[in-house]
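For reference, the structure is listed below as structure tokens.
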Amino acid sequence: MSTTVSMEAALLLAGILFMLGLISVLIRRNIIFMLISVEIMLNATGLAFIVAGTRWVQPDGQIMFIFILTMAAAEVSVGLALILQIYHQLKTLDSDAANFMKG
Amino acid sequence: MELTFYIAAAVAILSTVMVITRYNMIHALLYLVVSFLAVAVVFFTLGAPFMAALEVIIYAGAIVVLIIFVIMMLNMTQEDVQREKEWLQPATWVGPAILSAVLLAELVYIVVAADTPAAGAVVAVDAKFVGLALFGPYILGVQLSGILLTAGIVGAYHLGRQKKKVIHRFLQERSAAA
Amino acid sequence: MILVWLIVILMVGGLLAWLSKKWHPVLPRWIALFAVLADLGLALYLWLRTPAATLGASPWLVRLEVPWIPQWGVNFILALDGLSLLMLLLSFFLGTLAVLISWREIRTKSGFFHFNLLWVLAGITGVFLTMDLFLFYFFWEVMLIPMYFLIGVWGHANRNYAAYKFFIFTQASGLLMLLAILGLYFIHGSQTGIYTFNYFELLDTALAPVAARLLMFGFLAAFLVKLPVVPFHSWLPDAHSEAPTAGSVILAGLLLKTGAYGLLRFVLPLFPTAAVEFAPWAMLLGVIGIIYGAILAFSQTDLKRLVAYTSVSHMGFIILGVFAFNEWALQGIVMQMIAHGLSTGALFIIAGFLYERLHTRDIQLMGGFWSKAPKMGVIALIFVMASLGLPGLGNFIAEFLTLVGSWQANNWLTVFATIGLVMATVYSLRIMQKVFFEPAPMEQALPDLTSREMLIATPMVLMILWLGLYPQPVLDTARPSIKQQLQAYQPASLEEKSLVAVPIAPPAVQVQLGDTVHFYKTRGGTHEPK
Amino acid sequence: MENLLWLIPALPFLGATLLVLFGTRLSKTLAAVIGVGSVGVSALITLLLGIGFLSARPAFYHQEVWQWFSVADFNPSIAFHLDALSMVFIFVITFVGFLIHLYATAYMADEPDFSRFFACMNLFVGSMLVLVMADNLLLLYLGWEGVGLCSYLLIGFWYKEPANGYAARKAFIITRVGDTAMAIGLFMLFQLFGTLNIQTILAEAPEAWAVGSQMAVIVALLLLGGAVGKSGQLPLQTWLPDAMAGPTPVSALIHAATMVTAGVYLIARMYVVFELAPVAQLTVAIVGAVTLLLAGFSALTQYDLKRVLAYSTISQIGYMFLALGVGAWSAGIFHFMIHAFFKALLFLCAGAIILTLHHEQDMRQMGGLRKSMPVVFWTFLIGAASLAALPLITAGFYSKDQILWYTLAGPGGNVWLYAAGLAGAFITSIYTFRMVFMTFYGESKTHVSHPPGKRITVPLIILAILSVVGGFIELPHNFGHVVLFSDLLAPVLPGITAGKILAANEWLFQLLAALFSLGGVFVAYLFYLKSPSLLRSVKRSGTAMALHRFWHTGWGFDALYNTLFVQPYVYLSNINKRDVIDSFYTGLARVAEGFHVMFSQTQNGILRNYVMGIVVGAIMILTISLLL
């Protein structure tokens, strides 16, 4: 299986995906959307690792991806639990409503 | 193979754009699944078929499903969609979009400007190597991941439990006032 | 050891005063009074013990050196010469008065008040005594923080603003001085291999012109802000007008003097070449200060603020004189420090008396007090006249000597400084007119001075008259140490100290006005062209 | 004998101190005894010293009381130096001062602040004595400023009236402008001679300076600056007319007899410097000539009795300056002495009138006082005659004639200066007799309460006698040739000789001067007594009225200084009351606060802002690392 995928293009893809996730985090007020956006960013990061691993023909990139995956799973479960809790307390998913330390 | 990569990349980008522009959460999640699948294809083209499989199973499968369950628990209505629309005015997203664009431009510049030796053809790193490395030099990481997952489970259980209403101390004054 | 006692008595007295509040509310006042009086007594003993004539050879009367942190070259050095002694006498004298005027004024937290008061005095004492730069910086800060509390806790309405402003100005400039101290420390260390903060050893540091200039500006920053010189003066009116009376007296009478003292003690001997270069600008700043302060003082309606601006104006003379580098000017400055401490202190005390009675500092609401309170009127008149430089009072000797000295260095700037005297008349008379002569806008009772208040005012009157009519003891005491500070300005040693072989022309007596002039007669003076 | 020297100024100071310390507790009688007595004893000591001085004829008496201070060869002492010049001055100060004090006990009898008044008066006399007896310029400066302080206190004596306070401050501030010039002069003298001792400077100046050297001119001009300030000469004369706000004895003491002549004393004392600077000396003469004319015209238009006298003082001191300026040193001092007698007399008479008329000072409200106050009338007439220099009988004639003569015939003489002096004499006669006629002749307009008592009339009579006989100690050489006075001064001040050609015709010029002053009296008689319609016809002319207003306001100097100096200063001060430099620091604080507001946005609990902060930080770090 040999291809000539340009590594630059692949990294670029990772970058674009990351940016999209970042934009989404910045513009959304809904906490679930923010969580989704974080997932997108994590995924993009994973992609970057895979690219790197492929480039140097080393397993480390993929291993990193696995770790990220693990972390993402844990994060989503805890995050969703927190969202539920916030929703029960505040009756809203608006992240701005949780600004009790307003400066 | 190269064509596959580009098509998959285009799909990934497009679907991600759709994710972040949706007002309805379920729609967004469906696009997210598409995005993950596209990325899985990209993995495949990059010679990481096992990772592609994991991507599909865990990201597109487990995580998204988990989120959908939660959304279902929250009883989202049309009003919420409407509010989402209100929240997403151009005024709110132009600034962050520009900032992100700047960041992206810098990333692109870094990637392009660095003259790394051109890579040869993609050589697949198959799952066996990954497995050996994972349980060889990275064994500590694996164990830590285990602990993390355990902690995640305990935390999710603890936080997600529907107790009798416990008000956080930050919120006490607020509820007293309300 | 007596020098340590001077500081320790104040510090311990302060702590005792604070603690004793628990037993009896009046106790802190008495403890504070006794502590300051004890120090005053010690200082007087030191002064009377050493007749002025014996001061000849070495200017140092008492010296104490104990290693403190030997690894860093920090020593606990206290040394006393005539200059320090005079400053200490002034400090304890004004300190005693500060305790006395607070007797009725301060009613809340009197224990903590006296703690702060005594610690400020201790800090000032330390500043005047220590000859180790590390220790100097330490005392510099010690006098700053209690002062902050004095303003911030017992001040008038706008006290928090004033206290912060005071703190930030002095602290920021003090940090620049710390930088300069460290710079000097390392330069000296790298040259000689001995890392030390000892003033006497640092005196011999040879500095490259650029380094000398930078280090001097570091020191100048602290001293010019403290003095204050005009572009850096704006903390002073706020701090003075918001502080309680005792605070104003200490601020105007002593804290400003630490700046002047620093100029004399550190800037002049440590950086002679840089100071000579900078002199015209410094003198210009002084003249600007004299005139600017005078103009601003004229339009103020807050009595304490007015007096504060007069301080700005008077302090202009100090920097004018310091950078004239001759004995007349420096003696004038020493006199100015003492006389200004007394006269401005007295004006603040009078403002305090008025505030106690009227609860206002606005001179537009005052008037006609001459007939109601003739004693206060006469005393105010004396100090107003002192502030405008009437001959026969201490300030005249100070200003005249300063101007005589600065005339030798720079004619035109001296002319403008002298014009400042006219402006001083303008604002000083305004005080008398508005407060004492002009009919009051409203009728208000004004009891004349009580005997306690007369006890405060009378010594000040006597002192200012004594300084004006027979200042010789003071001048004699200061002479040896002034000669010492000027040592570096002998033409020979100036060249020796500069690393580059550029001969720096001493600020020779320039007769700019006429060409037919020749030196008719050889006179004393430190930079006679040989 | 010498050892008594210090007592002369010390006694008035002692009196002042006692009055300040115990003033409120003393009865008026006791306060008067202290106040008058201290000056009286001083006068006695002066007399004693004077007799000794005249009989033994030493060059001078000298006494060092203590060394004031000593810094690097600058050793001024509190030391007194009494030579003939100072002798004349202390004689006038103590005696005229004593008479005025005596008079004041009656004049101020109803004043509640009696002791304060005498404290200030004593302090004033003491300062003035220090001024004229000082052996060095620094001590002279002490007296100089002390005099200024006392004038401030006394002019503003009735402090409840803000206008008086204004006049007082004006006097102090304007004279201090002159003092500043003088102080700079002192700095220069010290730089050049290394001492401020007067005798040393006088002795060494001719060696140090060539005649006309620039330094000498500058020093002389600076000293002149001080002199014009104190003496109310152009351009610092504006304070003097306003200074009449003080009680009349104050006007008599300060603004006629003593303080304003301090400038004359200074110039005479430092005559060597002026002789070395002919330009400066000519300036003195010109200042004197111009001032005497300007003040004379202003005096013509005043209605306030005291203001007329004030302007006449300025004018007469102008004569003294003129004399000094042409080198007729002793003539100037002679005129000073005679002027002190008759001007004090006039002021005291004016005070008696004002007191009798219930503090009415406007001459238009007076008239016909000749009958009701005969003593005052006759003494005033003698004073006026002396001021107008009526020939032969009055002292004023001899002193003024001497000045006029040397203005023309002296080595520094000049036709223009002479013409100015002569015109001044003419104007002097007019305004003097205008005053006499308006006050004492015509019909009475204001009720006369009670005639003045003994304590008022006795000083008047003594002064009147002195105003007449004082002149006979110095007579022109073609007319008796008495030179007692110039002989006395000869060791101190250089004499003067008239040009040979003119000297032959001296009588001609004396006649001219006499004619001018008589002519002035006649004009006044014509306008104010004989045919007032003539005056009214003049008054109808527009130009005359404009001129009248202009002169009445003292040639507009007040308005000029007001717009030129006072208003800009006050404006400058007021717009900057809040201190523009402070706004820089408050601006700095504002900027910091702005940053605070900005940065606290990233920590306010809104999650997106935190992320935004992270992003901005990432961009900054990336950018910096890219750029470097």
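Per-chain numbering from 1; labels A, B, C and D assigned in written order.
Everything that follows uses one rule, which is that contacts are C-beta pairs under 8 Å (C-beta built on N, C-alpha and C of every residue); 3 or more make two chains touch, one makes a residue touch a chain.
Please read these numbers as outputs of a predicted model, since none were measured by experiment.
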Decide which interface, A-B or B-D, involves more C-beta pairs in contact, and give its chain pair.
A-B
So which chain ends up closest to the centre of the protein, judged by Cα positions averaged per chain?
C
Chain B and chain D have mean C-alpha positions lying a whole-number Å distance apart equal to 97
Round to the nearest whole Å and give the separation of the Cα centres of chain B and chain C.
69
Can you check how far apart chain A and chain B are, centre to centre, with Cα atoms defining each centre and the answer in Å?
4
Chain centres from averaged Cα atoms put chain A and chain C apart, in whole Å, by 65
Residue numbers of chain A (touch at least two other chains)
22, 26-29, 100
Touching at least 2 other chains, the residues of chain B are 95-96, 99-100, 103
Kindly provide every pair of chains that touch.
A-B, A-D, B-D, C-D
Chain C contacts chain D in the complex at 165, 230-231, 233-234, 237, 295-296, 298-300, 326-328, 331, 368, 370, 374, 378, 385, 390-392, 396-397, 400-401, 403-404, 407-408, 414-415, 418-419, 421-422, 425-426, 429-430, 433, 436-439, 469-472, 475, 479, 509, 511, 513-518, 520-521, 523-526
Which residues of chain D touch chain B in their complex?
608, 612, 615-616, 618-619, 622-623, 626
Chain A touches which residues of chain D in the complex?
600-601, 603-608, 611-612, 615
Would you pull the chain B residues touching chain A in the complex into a rising list?
1-2, 5-6, 9, 12-13, 16-17, 19-20, 25, 28-29, 32, 35-36, 39, 42-43, 45-48, 50-51, 54-55, 58-59, 62-63, 66-67, 70-71, 73-74, 80, 84, 87-88, 92-93, 95-97, 99-101, 103-104, 107-108, 111-112, 116, 119, 121-125, 129-130, 132-134, 138, 141, 145, 148-149, 151-153, 155-160, 162, 165, 167-168, 170-171, 174
Which of the residues in chain B come into contact with chain D in the complex?
95-96, 99-100, 102-103, 106, 109-110
